[in-house]
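Please find one structure pasted underneath; my questions will follow.
So that you can tell them apart, the chains are marked A, B, C and D in the order they are listed, and the count of residues begins at 1 in each.
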Amino acid sequence: MIQKEAEKIFETRELNVNMGPQHPATHGVLRLVLDIDGETIVKVTPYVGYLHRGIEKLGESLSYFQALPLTDRMDYVSAMSNNIGYVVAVEKLFGIEAPERAKFIRTIVGEMSRISNHLLWLATHALDIGAMTVFLYCFREREWLLDLFEMICGARLTVTYPRVGGVRNDVPQEFLESLWKFTDEFPSRILEYETLIDQNRIWLQRTVDIGVISAEEAINMGMTGPTLRGSGVPYDIRKHMPYDAYDKVDFDVPIGTKGDTYDRYRCRMLELRQSNNIIRQLIEKLPPGPVMVDDPKFTLPPKDKMMPITHPTKEIAYFILEKACKGCGMCMRACPAKAITGEKKAAHKINQALCVNCANCLVTCKFKSVTVVSGGKGLSDEKLAELAVAPDQLPEDIKQAQQLLVKQFEFIKKGPKAPEGDLYVATEVPKGELGFYFVSDGSGKPFRMRLRAPSFIHAGCLPRLCVGHLVADVIAAIGTIDIVLGECDR
Amino acid sequence: MAVTEVRISIHTTGLNPKDIAEKIKGQFPDQVIDVAEFRDQVSVIIKRDQAVAVLKYLHDDPVLSFDHLQDLTAVDYKGKKDIRFEVVYNLYSTRYRHHIRIRAQVPENDTKINSAVPVWSGADWHERECFDMFGIEFTGHPDLRRILMPEDWEGYPLRKDYPLKGPELDKDWPGFTDVLKRSKELREFDWEG
Amino acid sequence: MEHSVTVREITKQIIKRFTFIEILQGMALTLRKMFSRAVTIQYPKERRHIAPGFRGQHALAKNQAGRAKCVGCGLCAAICPSQCIHITRAKGQVDKYEVDILRCIYCGFCVEACPYGAVVLTENYEYSDYKKENIYMKKDKLLSNWDKYMPGKKGEEYFDKFWRPLSEDFGTPPGQSVFKGKKE
Amino acid sequence: MDINNIISPQLLDAFIKFGINVLVIILKIVVVLAIGLLHVAYATYFERKVIGHMQVRLGPMRVGPHGLLQPFADGLKLFFKEDIVPANADKVVFYIAPIIFMAASMVNLSVIPFSYGFTIADFTISPVIADINIGLLFIFAMAGMGVYGIFISGWASNSKYAFLGGLRSAAQVISYEIAMGLSLVGVMIMAGSLNLTDIVRAQEESVFGMFAIPQIVGFIIFTIAAVAETNRTPFDMPEAESELVAGYFTEYSGFRFALFFLGEYIAMIIMASMATICFLGGWTLPWYITQVVPFINYVPGIVWFLMKVYACIFFYYWIRATLPRYRYDQVMGIGWKILIPVALANILITGLVKIIMTMYGA
């Protein structure tokens, strides 16, 4: 009896520590429940989902063009790579090919994104292990890259720069020059980081033989990217399934042997140098040419060609030709200003006082009954009827502008229709393999958009990496798998 | 030090996916329902009963050697197909560099399928997510809990019949009512004064 | 031969171990950096250069006559992935054009979608406030943003450069940026 | 009434002398505390500036020119901040812990001499509050007391992070105290005293001018142990921000946090002073410098003392800016498996040399 009491009092239990979701070293809102015996980890249970925004569900209600900014918000550290992954997948779904120059530009910015991601990874990994100066040195260079991103697309983090069928705009000359200067200086900057940590005995003690995972196990667990290559598996999608311009550049893939934290760290450091090399090769080879695929079905039509109608100095008015109008009521429904009136099966009429000149009637009419009157704004209906000509007899530039305007409205309101089928396309983002699985039912929106996020898988590997080590090694393990919770939770 | 830079060729050495589909057909003739092809990618649609056996064969066969489970997910074909759910496995062989997609059909009235965790331990979280989002139960999974949604969540969000604008205001989901209450309290606070 | 190599290696290791050489190298680096120029800027006093085409707060463009270019066709509202643009029209003009800034994700799709060149993203990124109402952008505020952040020629230049795509994107324009060779 | 009837002149003299002595001591305490706290305040500023510049940024720049008034702004902020006590904390102990920690560090200031004594009128004023013969031991004892503050703060917070921090700290400080004590035994042997003023005098008279040269091993061990003793990078296990958020003072806020903060910086200044006094010759300069540049003798000793202390503090900041953090078990391993054996060997050799020197040399 007494013995039992005593056993109850002196019973050994593990200490249960809740690490996160608010914790300086969990890289976001990852929550780990640690069962620790003294300082030794007995059990780790990761909880994710605090940043779940339902991107997969959102994707089902957005057109292929619209869903692009969602991918920025997954891995916000390397948004450019995510964008590229998305557009590569959608291009394959549509069966189109981006122009050569666009591919080169995309590869350049993708590698820039890899460098900036690895810099942030190194910064936070080193900070977690206590080397706080590396953090700021890395940010110094990352800032340079982010400024370059701003130069080409006006945003530093959530770039939304690549487009289905190319890139948003061409890169300016200063961009190439600044980037070339960066690639010149960057290797010496890498040496700076390495001076601080690479051979440092404390760094070595903290990383060597921590979180060891064998090649077979790593691939069985679904690890990808540098996390997998640290274990010695030569799996790099840039080589295995080359996309964009990766088949035209010459680079090596760093492979570790032991699969510990130090090997993964070295892999990423060597990848920084390789990426730097890739960028240099691509800048040298960058071909001239268009940056968008010339097919208004998939891309927005050129804006300057629409000017004859859309420019404000043209003072245009829309007019419905009574003879051509079948009275179907389509334009009436489309008119956002409720300016069109008329009975069914009788010619409709635009109330010029209410009309906002938005061109919705022009693009909806199937019977070519809506026409454009240049300089007709403010004129009476009779005068307009005098001036109006059938759409076929309009001047050539206005006719072209009208066609493009129709394309523009169709593209935005409905979106390009994808062929029916399902498709899985993977790209190598800095964190690993980013896969997009699309199921298309032939409409303008994906029936199912599945994102295979590397951080999600890697977060699942945490228990395997941590158990048996000490509390401080959990931090090193979180750092070494390089997760971003925005991508993990989607 | 221990890390070396290796040159990897960009040329694939793997089998044609159609041949792989034929192989599966030969091995499990009564399991394969259909083979679909789209943009050079081949999907093998199978029955769910022997799904794990098929996967195990693909993983263990020395010629196929699908060691990498790229992705595991489900698709809800409500209103499109007779059998509502499909669990999709995207497989890749890092050694031979070939890819195949297995789609196992799961009916609506009995959303159960065997777990692939014994074959690939990486399937663990994928299956939990499928359970969370589609309500597909993976028999034999070591720890089948919700993963992304809160533990007390009702319904399966990625199903097609899940309401897009939920009746959240009528229902007392504590996480939401608390936020509403708190926002009302905060509104009364005069930040500028 | 091999023997001497290993001996040398071991001696090297021992020297490394006892002289703290790698730590001293690191310390030399931090000391050197102490006397280099700081890379940070003192934010409210100094501001960083903002690249043209920055995607900041919205503005509604005005034409030469000083009237809003927007005709209210609703394409921006249709493309907006976060559905933050609300438009109503009355009496032949746009009655209400509101941008819910707190929902906006600054993707710039509205600028791309607008065939009239009526909406732009300005360089203003400092608009925090204590009240939501002050951040909710109504039409008059958006129009005054145009005068404030896109004065004079700046607005026109914006459309020349960043109102994409233009027909040059589908061809090879003269003077396209290419690598001009290493600078010695 | 004659005053002589009540109290004899001799007694009165003694009384007056006693009174003045007490006054002088109180004055000294006030001066040392005021100056000490000011130094602590600016030690924080110095740290932020030094580390800032090492990390290619500027550090505090906003309050005053180049942020010179930043320490006061920080102090004011901490003073007016809401004092949060966790609901399940052991309240009394929670309140006491920072006071113990702070007091244990501050008391050390009383035995640190800043210069030789000087004479005003009849009074010899030595610039140390308590010129006791066991100065060195006293500092060890008080440093040991500080652990109680850390440990019970970790316990009383009733938070697991704080608890782990407290545990780590107790283990670490106790282990490194041994190494530190042993590293100073060599100095004691060479100086033949525990009185800090005597130790400085012994260095001035020695051949090397400072004990850091003959006691180089002891000096290195002392430096490492001092860094560990004050819980600073790379041995900042107890407060490892990326693991334990802030360690033992995770749950403290406002002024109680400020007490911990102050205590830590005072401990750092104490350790720097100890290094200066025991190894770097305190306020004196080695003879080979004073002989070469004689006019340097006109500079008051306290200037050299402060310069040496700040050099030591700079070194603290410098390694903080450079090195990563050790793991808990590695810290303990270094303490027990490397530092203590080496320190013991150092004692042995110093003792042997001393015996040989006394046998043949003198």
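The working rule: contacts are C-beta pairs under 8 Å (C-beta built on N, C-alpha and C of every residue); 3 or more make two chains touch, one makes a residue touch a chain.
Quantities reported herein were computed from a predicted structural model and do not represent experimental measurements.
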{"item": "Any chain that touches subunit C and subunit B", "value": "A"}
{"item": "Between C-D and A-B, the pair with more C-beta contacts", "value": "A-B"}
{"item": "Maximum centroid distance from subunit D, chain identifier (CA atoms)", "value": "B"}
{"item": "Euclidean distance of C-alpha centroids - subunit A vs subunit B, Å", "value": "21"}
{"item": "For subunit A paired with subunit D, centre-to-centre distance based on mean C-alpha positions, whole Å", "value": "54"}
{"item": "Centre-to-centre distance between subunit C and subunit A (centres being mean Cα positions), rounded to whole Å", "value": "16"}
{"item": "Interface hub residues of subunit C, defined as touching at least two other chains", "value": "23, 26, 29-30, 33, 39"}
{"item": "Set of subunit D residues in contact with two or more other chains", "value": "54-57, 321-323"}
{"item": "Per-residue overlap in subunit B, given as positions that touch at least 2 other chains", "value": "none"}
{"item": "Residues on subunit C engaged by subunit D in the complex (per definition of touch)", "value": "23, 26-27, 29-31, 33-40, 42"}
{"item": "Subunit D residues within the subunit C interface of the complex", "value": "50, 52-58, 61, 318-319, 321-323"}
{"item": "In the complex, subunit B residues that touch subunit A", "value": "1-10, 12, 36, 38-39, 41, 43, 67-71, 73, 75-76, 80, 88, 90, 94, 97, 99, 101, 120-126, 129, 133, 146-150, 157-158, 162, 164"}
{"item": "Subunit A-facing residues of subunit C, complex", "value": "16-17, 22-23, 25-26, 29-30, 33, 39, 50-51, 53-55, 63-65, 69, 71-75, 78-79, 81, 87, 89-94, 105-109, 112-113, 115-117, 121, 162-173, 176-180, 182"}
{"item": "Interfacial residue positions of subunit A with respect to subunit B in the complex", "value": "48-49, 52, 54, 56-57, 61, 92-93, 95, 216-217, 219-223, 230, 233-236, 239-240, 242, 246-247, 252-258, 262-263, 266-267, 270, 274, 419, 421-424, 426, 433, 435, 437, 439, 441, 447-448, 450, 452, 456-457, 459-461, 489-490"}
